[in-house]
Amino acid sequence: MQKINVGMIGYGFMGRTHSNAFSQVNHFFDIPYRPVLKTVCARNRDRAGAFAARWGYETVETDWRAVVESPEIDLVDIASPNDTHAEIAIAAAQAGKMVMCEKPLGRSAAESETIVRAVEAAKVPNMVWYNYRRVPAVTLAKQWIDEGRLGKIFHYRAKFLQDWTISSDLPQGGEGLWRLDINVAGSGVTGDLLAHCIDTALWLNGGIAEVSAMTETFIKSRKHNLTGKVEPVGIDDASAFLARFRNGSLATFEATRYARGHKALYTFEINGEHASIFWDLHDLHRLQYFDHRDEGATRGWRSIHITDSDHPYMKNWWVPGLQIGYEHTFIHQVADFIEGLKSGKPAAPTFRDGLATDEVTDAVLRSAKSGQWERPGG
Amino acid sequence: MQKINVGMIGYGFMGRTHSNAFSQVNHFFDIPYRPVLKTVCARNRDRAGAFAARWGYETVETDWRAVVESPEIDLVDIASPNDTHAEIAIAAAQAGKMVMCEKPLGRSAAESETIVRAVEAAKVPNMVWYNYRRVPAVTLAKQWIDEGRLGKIFHYRAKFLQDWTISSDLPQGGEGLWRLDINVAGSGVTGDLLAHCIDTALWLNGGIAEVSAMTETFIKSRKHNLTGKVEPVGIDDASAFLARFRNGSLATFEATRYARGHKALYTFEINGEHASIFWDLHDLHRLQYFDHRDEGATRGWRSIHITDSDHPYMKNWWVPGLQIGYEHTFIHQVADFIEGLKSGKPAAPTFRDGLATDEVTDAVLRSAKSGQWERPGG
Amino acid sequence: MQKINVGMIGYGFMGRTHSNAFSQVNHFFDIPYRPVLKTVCARNRDRAGAFAARWGYETVETDWRAVVESPEIDLVDIASPNDTHAEIAIAAAQAGKMVMCEKPLGRSAAESETIVRAVEAAKVPNMVWYNYRRVPAVTLAKQWIDEGRLGKIFHYRAKFLQDWTISSDLPQGGEGLWRLDINVAGSGVTGDLLAHCIDTALWLNGGIAEVSAMTETFIKSRKHNLTGKVEPVGIDDASAFLARFRNGSLATFEATRYARGHKALYTFEINGEHASIFWDLHDLHRLQYFDHRDEGATRGWRSIHITDSDHPYMKNWWVPGLQIGYEHTFIHQVADFIEGLKSGKPAAPTFRDGLATDEVTDAVLRSAKSGQWERPGG
Amino acid sequence: MQKINVGMIGYGFMGRTHSNAFSQVNHFFDIPYRPVLKTVCARNRDRAGAFAARWGYETVETDWRAVVESPEIDLVDIASPNDTHAEIAIAAAQAGKMVMCEKPLGRSAAESETIVRAVEAAKVPNMVWYNYRRVPAVTLAKQWIDEGRLGKIFHYRAKFLQDWTISSDLPQGGEGLWRLDINVAGSGVTGDLLAHCIDTALWLNGGIAEVSAMTETFIKSRKHNLTGKVEPVGIDDASAFLARFRNGSLATFEATRYARGHKALYTFEINGEHASIFWDLHDLHRLQYFDHRDEGATRGWRSIHITDSDHPYMKNWWVPGLQIGYEHTFIHQVADFIEGLKSGKPAAPTFRDGLATDEVTDAVLRSAKSGQWERPGG
C-alpha cells in the first residue's frame, strides 16, 4: 500500500488527536493509502522527542520550515496555535505538499483568504479539521436532510457551552492557554466554539444571509502568562447571534465558556416541515429524531443509538450497541481525505469551506461591535 | 343528571384521592351520572368533620355500619386500612350497595374470595382501585398490545421502588404507618407495591403460571406506635420474584422500600417480537416505544409525550404538550365505572380481577417461604 | 369561611383552567376565603349555560357589563380573547372589583398601561395569570436564585416551541383560532409564548436592558374564518431575540409555532457562577440542577423530582414520587392571590408586573422592524 | 522500554478489540512495557495474513501450538471461541507464558478449574477479559463503594439485554455464530451476557450465597451452519435469577437476546443506605448517582459525565466533556495488567476471579433445571 508521509506541526491536544487518527485509520478502514508518522515539529526539542517516542514519529524537527521543505514529507498537518496557520499553510502549499489545518483556518477571514489562495494556486489537496461533521450521528443528519426527510427547514438552533474560564484566577496566554490570548487566537469563543457550530450549520443548512450578534468579556483583565502582568482580556468569553439562512430559516447560535455545568455541550436542533433532528456532543452516539409522518398516537422523539452497521462509519467499528467516542471523528476525517485523494473528489471541508465559516465569524464580531445586522462576506 | 350518593369510609391519603375523583369527574367527562359526596365516615368525629368541610360531604358518620345501612347511600367506597375491607365490603354488598374498594382487596386471597362471593351473590357493581391501569400511557400500552403491535411477548419486567422505611427509627403501626403493621396490612411491599405491578401485568400480559420468590425484612424489629413497645416486624420490606406467564413469556418483578433515591418508581417494560414498551410512574405522561418495523437506520426508542387528543382520556383535559398527574388516574376510573353502569359492561378491575392479583401475591409469599416455584391459585 | 364571588368572562381553554382553580383551591389549601363560581359570561347563552352546568356556576350572563356591575360579584376574572381585556378590566376596576386577567394584559404596552392606571387608581387587587411562575420547580428556582445559590448570573436562555400552525390549510381568526388574528391577539408568538418566557425571566433574573430581535411569518396569507376570505397574516409565527439583562447577564429567547415535534416545550436555563438550573414544561415536575460546589468527581446535573413535601406547594398534594400537572399552577395562583388578600401583600404578578412584560414584547417587535437594538419602555 | 511479545489466538471481534488495546496502550498510558504484536494465529492462513497486515503482526501461524511453544512469545492472548480456551491456556501456562483469555474462562466451572490450576501451578501472570470493570464509570462506582459512600447495600439489580437472535431464520453454529452452538459456547446468554453482569457484581458487591433461576430457549431448533441440518438448539436464549449476596443484599439478574430494541443494554443499579448508583452500557460515559446526604430539597439523581481528569483513566484521554467509547476498556485493561507486572500486584480479574463467575453461572444453570435454590461452588 502506498504511503503518505506526514509532517506534524504541533504536539498539543490537537497534535494528539491527529496523530491518533493517522495511526488508527488503516486498522479500521480499507483505504488506498497508509499515513506514516514521519516527523513531528515543535520548538522545544525535548517535548517533540517525547511526543515522537510516544507516537512513533521517525524524526523530530524544531523548525517547521524544515518539515515543509523536506522532500520526504507528503502532507503537512498544522496542529499549532491559530497565529501560525497562515504562514505554515502557505509555505506548505507553495512547497507542493498536501495540507491539513486545525480550525479555524485563519484568525480572520482576510487571513484565511490568503491561505485559500495559496492552496488553490498550488492545487494541493487541503482540508480543515472540523471534525464534528464526522460524528456518525451528524453525518446521518446530513444524509437525511439531503434526502429531503425534514422538508422545508424553519429553524436551526446551535450552541456550544463550556465553563472552564469562569475563575478570575485563570491566566491568559502561554502554553495551554493561548486560546485566551487575542493575538494568538484571533478571537475568543467566536472563532473557537461558534466556528464549529457554524461549520456544521453551513454544511447542513446552507449559507447564512445575515446575523445580529452580541459578545461579552466577563472578566476584563487577567494575568498574562508570557508577560507576567495583568493585562486587558481581548477575547470574547461569550458570543451569541441571530441569523437568517438563505433558505429562509431562522437561527439562534450561542457559545460561551461561562455556562456552569457544561464541559463541551455542543448541541444543534433543526426543525423542518416534516421532521426534526437534535444532536448533543455530550452523548454524541445518539441522534434524536421526530417524524411527523409517523402514525399519530405513536409519534415521539426517537433516541437513535447510532451504533448499527447501517449508520455512517459504524460498520467499521464494533457491533451494534457499542459506542465510539470523540477521537473517532478525526479517524473518519483521515479516511475520507484519503478516499478523496483516490477518487479525485476532494473531501470537505476544504480550506475554501473553512473560509466560509470565517466569513460568518467575522460578521458576528462586526455585528457585535456595530449593533447592526451584518452580512457574511459582505 | 342522575346522582350517585357516595358514602366514603376513610379520610386518609386514599380518602383524598377518591374524594377528588368524585368531585372532578363531571367537570371533565360527559358521563350519565353525577357522584355526590354524601357521607364520610371515620372513627374520629372531628377529623371526619374537618374532612367533610374540606370536600363538601353533606354528613359525617363514625360507624361504617350506619353508612352501609343508610338508604341514602348508593355507593360505598372503602378507603380505610386493609383489615377493614372484607367486613365492610361484604356488608355493603349484602345491603345492595355498589362497592368500590382500595387495593389490595383483602389481606389474603382467601379473604378476598369471601368478598368476591358477596358482591357476586348480591350482583352489585364493584371495582378495585388499581388506579395505574388508567394512566393514559398505560391504557395506550394495553390498546397496542391488544392490537397485536408487539407481536409475541417474550419478556415482562416490573418493579416498584421506594425508600421511605430505611430508617430504623421509623415506628410501625398506627395512623399513617399501618402499612408496616402485618396484622393490618396483611403483608409488606408484596400486597402494597407488587400488587400494583401484578394487576397491571395480568391486564397487559395475561395470567401467571408460576413464580419463584424471595422476600426480606431488613429491619427486624421496630417500635409499635399502638403498644409503645419494640416488636418484631412482620412485613416484608422487599420482595422479588421470577415468573412464567401462561403465554410463554418470562418475567421479573421486584418491589422494595429500601431503594435509596426512588420515591414511587413503578416501571414496566414489555419486549415483543415486533416492538417494546417501557413506562415509568415518575414520568407518567410519557410512553417509551420501540418499533422494529421502522426503517432500519431510523429505529430508536420513541419518547411519546402522552398529551395529544388521540391518546386515551387526553381529549378531556388540556391541549397537547400539557401534562396531567397522578390524581387523574382516579378520575378516569370513576368515569369508566360510571360508563360501565350505563352500558352494563362493568369496568375492570372488578373484585374478581382483584382476587386474581391476590392469588399471585399469595403464591409469592408462599414461594418465599418454601423456596419452591409456586402456582397462583394452585 | 368568607366567600369570594367570582364572575368569569369567557369559557374557552382558559375559562376551564381558571374555573378548575377556583373549584379546587379549598380542597388542597388552607386559605382564608372560598371562591364561589357565581356567574359565567359569554355572548352565546347556550354555551355559557352548558359551561355553567358543568362547573356549577350559579348564573349566566351574555353581557360582561352585567357581571362587572353586579353587586354580587367580588372578583372579575377575564379569560376572554386579548382584545377584550382592557375594556373589561378597566370597567371592573372602576366598579371596585378585584380583577384577574389572562395574559398578556393588553395587546400592547400602551393598552396595558391604561389598565394598570385603572386598577391602581381604584386600588383593587389585581393579578395576571402568568401561571408558570407557580410550577413548583419554577418557584423553587426562584427561591434558590434569591438565596444566592447560583451566584452571579452569566446566562439566561429561554424558548417556547410549538408546531400547531405549520399547515397552510389552517385558517386564521374566529373561535379557537383568534390567536392567529392580529387584531384580536395583538401579535403572534411574541405576545403569546414569548410573553410567558419574559414574565418568568423578569421574575427570576430582573430587568432587561436591551434587545435585538427578528420575527417571521412563514405562511403569508390564510383563509380568515370570520370573513371567509384569504387574507394576509398579520401575526408573527416565530420570534427570537438577544437580550442584555440589567444584571449584566446575556440571554437568548425564542418562540415559534413551527418547531416540528414540540407541543408546548417551554424551557429555560440559567447559568450562574456557582450553579445552573434547567427546567422544561414537558416534564414540569422536574428541575435540573448543577452545583459546582459539589465534590469534584461527583458533580453532575441532578434531576430533581419535585414531589417532596419540602418542595414548594407539594405538601398540599400527594406523597413523594407522585407528580402533579399543568392545571395545578392555576390552583397555586389562586391560593397565593387569596393569601395576598389576607396578608395585604399582593401576590405577583400584578398588572404592573404584566405591563413590564408587555414593554419587553413591544421592544422585541420594534427591534424586529427596525433592525436595531431597542430598550424596553425606552 | 522493554517489550512484551504478544501471540494472539483468534482474529474475530475479540481479536480486534485486543489487538487495538495492545496497539494503543502506549500512546496514552505511561507504563513500563510495550506490547508488540508478534504473531497472530488462525486456522485459515489467508485470513490470519490479512489480519496481520491490518494490525501489523510480524508473523502468522495456523497452529496455536506453534505460538505457545515459540520462544519469542511472552504473552499468549486467547481470543478464540470458548471451546478452545482450556487447552490453549493450559498449554501456554505450562510453557511459562503469561496468559490472557477472553471470557468466560471455561465452558463450565469444572473446565475453568483445570485452567486455574495450570496457571497457578506455573505461576504465570493471567487475566480474563472482563472489560466492563474498566469502563471509567464502573471503576468509579467501585471506588465509591469501597470508600463506603453507599453504606450498607440493600439491592443489586443487573441486566444485559440484546435482540439479535429473535429471527427463527438465524442459523446456529459456524463462523460468527458459534455463540449459538452449545458445544462451542458451553451455554447461551448465561455464560455470554450474564457472566459480564456477574463478574461486575462479584467485584462491586462481594460473593453470592444462593440463586434461584429460570432459563428459556424460545426457538427450539435452528439450521446448523456446519452440518447444514435443522438441529435442536442447546443454548439458553434468556436467563434470569434471584440472588442473595453474602452481605445480605438481594439481587435480580437477567440476560436475554429477545429484548426488542436493545443491542447491548447492560445496566446495573445498586441501592445503599446512603446512596445509589446506576450505570448503562448504552451511555457508558455517564454514571447516575443519588446521595441522600445532599440537602433535602436539592436531592436528585446526578447524571455525571465521566470525562473529567479526576475520573478514573480519563486524564489519559482528551479534555472534559469529550467521551470515550467501548474499545477503551480493553486498553485500560492492558495498562493495568502491565502495571501489575511491574508492581507485582496482579491486576484483577485473574483466572481465579473468572472461575468465581463461572461457579455462579453453573449454579444458575443448575437452578434453572432443578427448580431449587442453588449455592455457587456448593
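All chains are identified by letter, namely A, B, C and D, in their written order; residue positions are counted from 1 within each chain.
Operating definition for what follows: a residue touches a chain if its C-beta (ideal position, glycine included) is under 8 Å from a C-beta of that chain, and two chains touch if they have at least 3 such contacts.
This structure is a prediction, so every number in the text was calculated from the model and none was measured.
Asker: Write down the chain pair with more C-beta contact pairs when B-C is set against A-B.
Answerer: Here the pair linked by more C-beta pairs in contact is B-C.
Asker: Which chain has its C-alpha centroid farthest away from the centroid of subunit A?
Answerer: B
Asker: Can you work out the whole-Å distance between the CA centroids of subunit A and subunit C?
Answerer: The mean C-alpha positions of subunit A and subunit C differ by 41 Å.
Asker: Could you put a whole-Å number on the gap between the CA centroids of subunit A and subunit B?
Answerer: 55
Asker: Let me have the rounded angstrom distance from the C-alpha centre of subunit B over to the C-alpha centre of subunit C, please.
Answerer: Centre separation, subunit B to subunit C: 36 Å.
Asker: Note the residues in subunit B that touch 2 or more other chains, in rising order.
Answerer: Subunit B, residues with two or more chain partners: 262, 299, 301, 305, 308.
Asker: Okay, in this complex, where on subunit C does subunit B touch?
Answerer: Touch list, subunit C to subunit B: 13, 17, 19-20, 23-24, 26-27, 54-55, 162, 164, 262-265, 281-286, 305, 307-308, 317-328.
Asker: For subunit B, which residues are in contact with subunit A within the complex?
Answerer: 140, 287, 289, 291, 294, 296-305, 308, 310-311
Asker: Can you tell me which positions in subunit A touch subunit C when the two form their complex?
Answerer: Listed in rising order, the residues are 154-155, 157, 159, 161, 163, 166, 212-214, 216, 218, 238, 240-242, 244, 248, 250, 252, 254, 256, 258-262, 271-276, 290, 292, 299, 301, 371-373.
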